[in-house]
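One structure coming up, written as structure tokens, with questions to follow.
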Amino acid sequence: MSSRPRILRFFALLIVLAFGIAACTPAAAPAGEADASAKTKIVIWMGGEPGTVNTFSRLAESYQDEHPEVEIEATFIGSDLFNPTLLPALNAGTGPDIFATGTGPGQPAAIIEAGHALNLTRYYCEYGWNEVIPDWVVTQTSSDGKLWAVGDSVETTLFFYNRQIFADNNLPIPTSWEEFISTVEALKAAGYEIPIGLGAADKWPISHWQTMLWGRFASPEGVNDVMFGDGRWTEDHFVRATTVLKELNDAGYFGPNPLAVVYDDMMAQFWRGDIPMTFTGTWVIGDAVAALGEETQNFGIFQMPPLTPDQEIYPTQSIGTGWYINADSPNPDVAADILNYIFFRPESRIALLESGDTVPVGPLDMESVNLPSLSEEVFASIDVFAANGSIPAFFDTIQPSNMTSITYDGLQAVLAGQMTPEQFNEEIQAAWEKAKAEGTIMKASGAVACD
Amino acid sequence: METIEQNWRLKGRGGALSERTRQRWIRYLVAYLFILPALLLYVTFVLRPTIEVFVLSLYKWNGISATREWQGLANFQLLMTDKIFWQALRNNLIWLVVILFFNVVIGLMAAALLSMDIKGRVIFRLGYFLPVVQASIVTAMIWRWIYNPDGLLNNALKAMGLGGLARGWLGDFTWALPALAVAAGWAGFGMSVVLLLAGMQSIDQSLYDAARVDGANYPQTFRYVTIPGLRNVITIVILLAMQGAFQVFDIIWATTEGGPIRATEMLATYMFKKGIMENEYGYGSAVAVVLAIIILGFAITNITLRERGDE
Amino acid sequence: MSEMQSAAPRRRSQMIADRFKKAVNQVLVYAVLIGLLLFALIPLALAWFTAFKTSEQILFNPYGPPIPPHLDNLINAWTVGRFSVYFKNSFIISITDVMAMLVVAPLAGFAFGRMRFPGERMLLVLFLTGLTIPTSAIIIPLYLVMRDFGLINEYGSVIIADVALAAPIFIFIMRAAFRDLPGELEDAARIDGATEFGIFWRVMLPLAKPSLLTLVLLEFLWSWNDLLLPLVFLTSDNLRTLPVGMLFYRGRFSVDYGLMSAGVLIISLPVIVMFLFFQNSFVKGLTGGALKG
């Protein structure tokens, strides 16, 4: 090869470079806009398993029936892959018209600041949503006086228990910490390997415990102090709360291997009667009703009793999911109409309530509704304690995503004894400060005004 | 390639200079044309994104805003002090050790035994190779089921009276990683057996004959004839294992997602989490760059060793 | 390989001892091989058994064969689980992948293997580096490139990416295959005045059929089993492939083992059938590609 003139090598290099440059120029943007067909197509993305049929998808279908000129395509994406799929899609302009994701200060900040969420204030006022959505929900789904998302449900977390097992062992519904501990001890003695089910392998169930305990020990004011004020997660009451969680695990109340237990597996065992009780939320009711029907009456609920004598019972309350409209959607009005149909039409709200799938936000007309027994119990319980104030149900949906990983791994480490509660709270505080400094925490806004 | 050279020289002597040059350039053009489709695809969809990853690692970007913050090498500096990064690297190395055990030790043993006068060798080869053709998600699902606290492994241990060893494998901080690595070893050793067997067949028979004349028994023959003859293939097996061990993603993602407490965090999953799930695309790209450099290092070693071995 | 027999005469008892040792060796060898075979096959066999069991059978007979077998899980996975849709998508993508690779790789492999041209070595090295880039490392910019071409949520994105990423390996395989072919036929064709393409198409390609078969089998296998690319590029459920479908059902699969096993069976069956029929080609091609490169 050395006999070949150098010019050939140079020429070859040139060719490769030419290809490189050609390849680096992106093709002309496709001319595809919505074609002239009569149907307006609306794409909705929701978190969940593909092929899920829930009340939302059913309501979307009935909207389609009533509005034949609209075609709705609902896609379910697994929740841990939801944001990773959504963000590039929004960026690329190939995102859905409507998407359901997190709310609260942390998560959607990036989406909103990048301008991909449509300002819904106009629809909020015109459709009269302002008379239905409670203030606290508006606060978590808006900023700068603009509404960004429709909160789809109010979720609460509390204990679900198996009536039969409790009855068989003569166990009362605990109303004090001592009673709670003695109940769990009795269950353990009765041979239940896992007295309280905890799907720690999936990480987020532990954070539900953490959120509830932190709220209980700090009270709603204490929580707001940190979220919107100068408070710190390293204050005594928060550390004490983490320690309680660790102590519950050390006593074996979550079974010998909570980190190996997958949430879905644990819930299946619960509904089968192998696990006496678990701490989870209202989102399980819909599936339970669909799977067990009347048999859900064999299960009941109760609130975590006060952990110290001076504590109150604060029911937990968080928005389930926020529904956003893509700012780049070619049919925002249709999308808003669909949201109005699903969440604010009285018949829809009744359907959502009765399925047990969700508890829609806002005032509920309970009289004409035929609720699953579990839902009724939950409402009754909240009614009793609501006056005490409420605490968030889950931090992980309202905090920035870097905090979520630290929370998840840290909680597993605390349960495994690899991290002390003090260390955990310190890590959370450090991440919180970092997020605040970077502005990834959305500042809460006041109410959204309609003039 | 002598024939082609002779060809061209033949034609050269026969025709005029310009005719010969013209023919040559036509042949070059045709060659480039043949390569064109592959090259275009490769440059656009592999090379360009690779360069972009290197570029992106110098910025901070949340994946969605229109602007990117210049970081210089700050991401890499951060990486050096990142506990989780080093843990992930360590995990990849542990994975490598387990995979090497399966591919080299077990693979060699199986290949050695199979190369003896075995009836039904085809069945063995087939059986060992079946796990290799399974999708990684299938391997993950099956082994997750085996490792379930109530699954095959624990039940088998209990049945053998070893119930004390039973545990929640994938939730155990110490055992989750080796457990998953065993699953990957299961899915890979068959490939190694096949490669080694093929390599054995290409060893010169006369060497074996010489050994027999010298009075060597089987283990000695194996050590002094087979293994040296397999040197090339063993190198390839080792380097394939290295590449595979550092690219692991699917099987982790489908089972533990890096848990519990980062016990199974790999470089690829960390990159995915940090970059895509936490919207730190710049930092994630930095991890990707390190990953690519490590794998490139192994690949270069592969080529160099093989070139040297060919002599 | 049998023990060495020395030239010296052996006493009868020693011959019996030798034969005994040889038998024990045989038993040991087979024991190890069969043990390893069980290790390889039991996980798969159990999954396939479970696919045909009802939930009661799974509860009471978790590890034995399904007697009688039930098709419920398979039907469930195929219909309600939408595996029929995923199967169709996987099939379309994999077949197109193979066809595209059949166009791209042999041409380039022939050029590298039997033609001389400036920059040949450089281009070869260029393709070589592509072998080392893990897909997960470049997934983000790759996504953006696909967006620029408007291919997100289209089969094309996965097909093009699959071919682009796997092309280097097959180019090397084809190059090795063409290089090994005897030169006389090519010389004869040249003397007859055939064009380069003619030589490629009529002379070399037919001779390289074994490697082509390897290409088809391997590319189909890798495309069929791929997880990351279809996961990121195909967001609509109607376009999902089998591995992605399985990933999303992970939660349900940790509860419904019958369904999970049915899924495993559906996704594995085409590949296993293909492998059983073309075993030799698979093996020969893999080893040829890896050893010669």
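Read from first to last, the chains carry the letters A, B and C; within each, the first residue is number 1.
Everything below uses one rule, namely that a contact is a pair of C-beta atoms (placed from the backbone, for glycine too) under 8 Å apart; a residue touches a chain by one contact, two chains touch by 3 or more.
Remember, it's a predicted structure, so these values are computed and weren't measured experimentally.
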item: Minimum number of chain-to-chain touching steps separating chain A from chain C; value: 1
item: A-B compared against B-C, more contacting pairs; value: B-C
item: Geometric centre distance via CA averages, chain B-chain A, whole Å; value: 38
item: Between chain B and chain C, centroid-to-centroid distance (C-alpha), Å; value: 14
item: Contacts with two or more other chains, residues of chain B listed in rising order; value: 32, 39, 44, 47-48, 63, 272, 276
item: Of all residues in chain C, the ones touching two or more other chains; value: 117-118, 123, 126, 140, 144-145, 247, 250, 254
item: Chain A residues counted as touching two or more neighbouring chains; value: 15-16, 88, 91, 265
item: Sites on chain B touched by chain C in the complex; value: 1-4, 7, 27-28, 30-32, 34-35, 37-39, 41-42, 44-50, 52-53, 56, 63, 106, 109-110, 113-114, 116-118, 122-131, 133-138, 141-146, 152, 155, 186, 189-191, 194-195, 198-199, 202, 212, 215-218, 221, 232-233, 236, 240, 243, 246-247, 249-250, 253-254, 268, 271-272, 275-276, 281, 284-285, 288-289, 291-292, 295-296, 298-299, 303, 306
item: Touching residues on chain B, where the partner in the complex is chain A; value: 32, 39-40, 43-44, 47-48, 62-66, 148-149, 167-173, 256-257, 259-262, 272-273, 276-280
item: Of chain C, residues touching chain B in the complex; value: 1-4, 6, 29-30, 32-33, 36-37, 39-41, 43-44, 46-47, 62-63, 103-105, 107-108, 110-112, 114-118, 120, 123, 126-134, 136-142, 144-145, 160-161, 163-165, 167-168, 171, 183-184, 186-187, 190, 195-197, 200, 221, 224-225, 227-228, 242-243, 246-247, 250, 253-254, 257, 260, 263-264, 267-268, 271-272, 275-276, 279, 282-284, 286-287, 290-291, 293
item: Residue ranges of chain A in contact with chain C within the complex; value: 1, 4, 8-9, 11-13, 15-16, 26-27, 29-30, 32, 45, 49-51, 73, 75-78, 81, 85, 88-89, 91-94, 262-265, 268
item: Sites on chain A touched by chain B in the complex; value: 15-16, 19-20, 22-24, 80, 83-84, 87-88, 90-91, 110-111, 113-114, 116, 200-201, 203, 256-261, 265, 401-402, 405, 408-409, 412-413, 416, 418
